[in-house]
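Residue numbering begins at 1 within each chain, and the chains themselves are lettered A, B, C and D in the order written.
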């Protein structure tokens, strides 16, 4: 089969690899119909994570079940399914909460070495009853693909930001996750969402979705707009020292900074004393993807949640290198790339 | 009047200073009857915070009201009062939550430069209706003094640790705050509390209070006792890079580290990526002292909460230097020192 | 001054009464600019509450401060204010929560005998710092008048209905409170709101606001739409035995019925055993008006919350009898009447 | 096998019945080692529920697995298990919450007609992976038997009573459930628990466990002790019109009444208007037994929760009639009866 692999910074290509086998009796094989390129894929692309060997990329997949292990109960060959980007064993106390980050084995992310990559013709999925869901009625492919990661992450970012009803939120970084978080913050009761980015096109998109666009860093604009108090909740959807510093400066005393932007391997210099004197809560979150699904699916099906327009480019799998170049440019017109195997 | 001042590392003396005047029409003057030496006073004593000039020390005071401004409504001359170690303006939206950390002016701590020190004959208290409370019936001087800071801090540490009912907690550092936090963790529903310190006498005390003593760092013992999972909640009552690193290692995925130990001025190197992959919540907290009082007073009055034995030394104010030497030794037999002006 | 009074069922007139005096040093006099007729006024109009003597009606008022007692701090003569329909002493532990229902004296409602009626030229307001708020920037008279009662009630109805994010809600009764509750349920994260009434015009309005209209009783439609499960949360905005029975039948096991419709004096025959076997929560609520204001004002100011169109009739005070006749007709075209003194 | 059956009011006998068969491939057969007589069994004994035919009684069982269906994963022949008194299908969204009251099929209670009775030699348990748990290390038979119902009910009663930390609770009815609720209220942070009953022996027991004994009805004593305010939370562990009226009178405005006492078939005359004006929450609860187990087992194992002494009588199964006579007497010396097949 074909699979997108990365050899080193900026070097992405489509490789031919053996078809994957079932990981075990609880596994399935999915013929990928659509795969997303995610901001966290760009950590590899930008060279922030060292590569010992080529890695098969991609952790966002929607597709058709083509093989199932004998223990699989909830899906069958031919079903259209979405696959959680984060995988757990499915059988432990942690997984019972719907949060693979709490799996006793630790969370595993597709396309980062341990599991196969989703940007491929086929994907082997372990513990499928936990990891996948039949695409529900009324959910589009774009929505399903966002549910595998970015929308789940944006929703969790907001849930873990302690947004008070009528509260003020700042979202730093308006990629796909930030834009999803913006929508989710409103659905969770925010009155005002400041949306910060350096790219005009993204700010315009955020404004069209009801947010108040501000430059980056956001801190000055947020403090000015809140009488010097700061936002109740700040969502860091970038994951750099600069964005987290901005977030910690823009949050009000007693408020919460919710980080879903994925940092590189370096420690962040946390101003611990200043944070203590301001009673700050800092939450870092890898999305509890499976747990978010019932809430998000109900909101999508009813039309309360609208994330149309986040995918700005669709390319065949063979043009993955171009897809990465577009995603890596982080321009205003391009938010997210879908690859179609 | 007499006041304890610090000139530099290890150099504490009793000075003669002018009697303080009312800070304004909402202020009072308290004749201090008992003042505590707190672990955070030791930051000055140990030389971790630079001193531009001598600082009048102490932020824990119980005493008698000797003068009131004309706007004061809730206390009168002659009343025995306890004074919150953390002060707010009392009139803003933040103070209305009972949490001076959310004061629009920022929190102010007595005895750290801006406000007078509590280890003195007299203490001027601004916004007294917010800052002080008549010592309620059945509350002893020791309890009242702990309510001004350490017990409020221990309670808040536990409240902000997201302790599940029946959960497992680790408390790192068994000074007065850690011991209070231990008691509070049980009152908030913990089944098991691991108590970590390097000093045997303190471990024995924690064991007598129902905790499971472990050495320091705690991480190995906690992981061993929880099947490798980690504690639901970890309270860092030390406030060093080592203690916070230990706390972050000992907490389970999805768990909370609640920091009330006061750091020095250096940033803490936060392992952001590792914390994100484990969905960790990190809360840093300066106690919302006033907000904790109704809950804690009810628990103390009913006898459900017992913090007797935390004060291990009582000295006259004139022997403050000796008091600091004892407190600074952090030995097993000595937990906390009370000064009696 | 003029005041609307009721002599008996259906008998409303404008009377001449002495101008009210300050109730005390913490009171104010408000020259009423706009007063609402509320569904609960109709209990008097419909003869459900016996009257020993004529009662001055009305508990919803927006107006101008014309006199203040010496202890009043937050408003001054000339200020435009909105007056909470529910009054508390303002000084007790209960009032400190912002909920006059928790006042140690019990809640008092304007226009029901104990306090003056808001449908008058002048209204005496006790404990004004607790009871009134300057109409904030950007808040219209219609919005301010809804904030004194109906919108606060709708918001509280939803808050106390335990609506899960993405949840299913049923609102029974589409008068002003029900329509407000519908909007609030969406703002608090509902995916689907079933709106039940017998009047087509009201159902059309609810549909235009995003709800799913159903007839009354709602139970069959709700069960059919939820696969027999029932709604997560049901809001009873009518307050009759029939509406509450419908609500208890339409809620899912483990769900919550939130009652804000005001019952008459007869007890409701609660099917206790059936409710226990289904683990039902039943909340009855008189709005904690003051506590809802910060949240609601932020949502109104940002435009997230839109309650325009609820007032369908505006009349001069002298035409109060006609206003009551319109309100009492509960027709589809008329939702709420505003009287202008 | 032998089974306890009831023919009519007061008429309990040990009958010979065919051994039960597996209910299906997910079922097990348990050889009952210990079964409890519960207060709700007495509804049959007292003639409050009409009987069309003799009913096999008992819903509290601990025993040994003697047969398993092929789909059972979590227990094996020879295991000691405790059986939830409330059964669900184990496979629906509701059961996934651990609460069989939310089962799409409705909750089923053993020994009330639909399922077999636990007071027997053998008990057939459907959906065993959901319904039973191996008795954990360190849990005694008495504890395990209480975990099947009464302790789970007491815990849930307290959880659903919205007990604030440091709060005041009243428990009405000091049978096994009330005594368990009393302990649980303290573990959930109550400062004061008023314990109401008419039987001196039970009041003495409650006092020994830290509660404040009061007569029945409790309202006068509770109001007197709270300055007229009422308790934050009231737990009705009786389930009569009188006990619920007492509970509604003794709770403070804004407080919660949590009902776990099982009512008869008559509706309760709820004073709806009075409850609305006081913003009361009324929760009725059949225990979500399975969901309570992790919390309760951790608290029992650590020794924080102590329910020893609740079983006051142990009899062989053949003396069931005497057991019912003792339980039905509701005397001070007898709290709960265990039958040993």
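Just so we're on the same page, contacts are C-beta pairs under 8 Å (C-beta built on N, C-alpha and C of every residue); 3 or more make two chains touch, one makes a residue touch a chain.
Every value quoted in this text rests on a predicted model; they were computed, and no experiment measured them.
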Shortest contact path, subunit A to subunit D, counted in steps: 2
Proportion of interface numbers common to subunit C and subunit D (over half same, under half different): same
Centroid spacing, where centroids are CA-atom means, of subunit B and subunit C in whole angstrom: 45
Interchain centroid distance [CA atoms averaged], subunit A/subunit B, Å: 40
Residue numbers of subunit C (touch at least two other chains): none
Topology of the chain contact graph, where touching chains are joined (line, ring, star, complete, other): ring
Full enumeration of touching chain pairs: A-B, A-C, B-D, C-D
Complex contacts: residues of subunit D adjacent to subunit C: 94, 97, 99, 101-104, 106-107, 160, 228-229, 239, 244, 252-254, 259-260, 262-265, 267-273, 275-286, 288
Partner subunit D, residues of subunit B touching it in the complex: 159, 164-168, 186-192, 210, 294-299, 301-302, 304
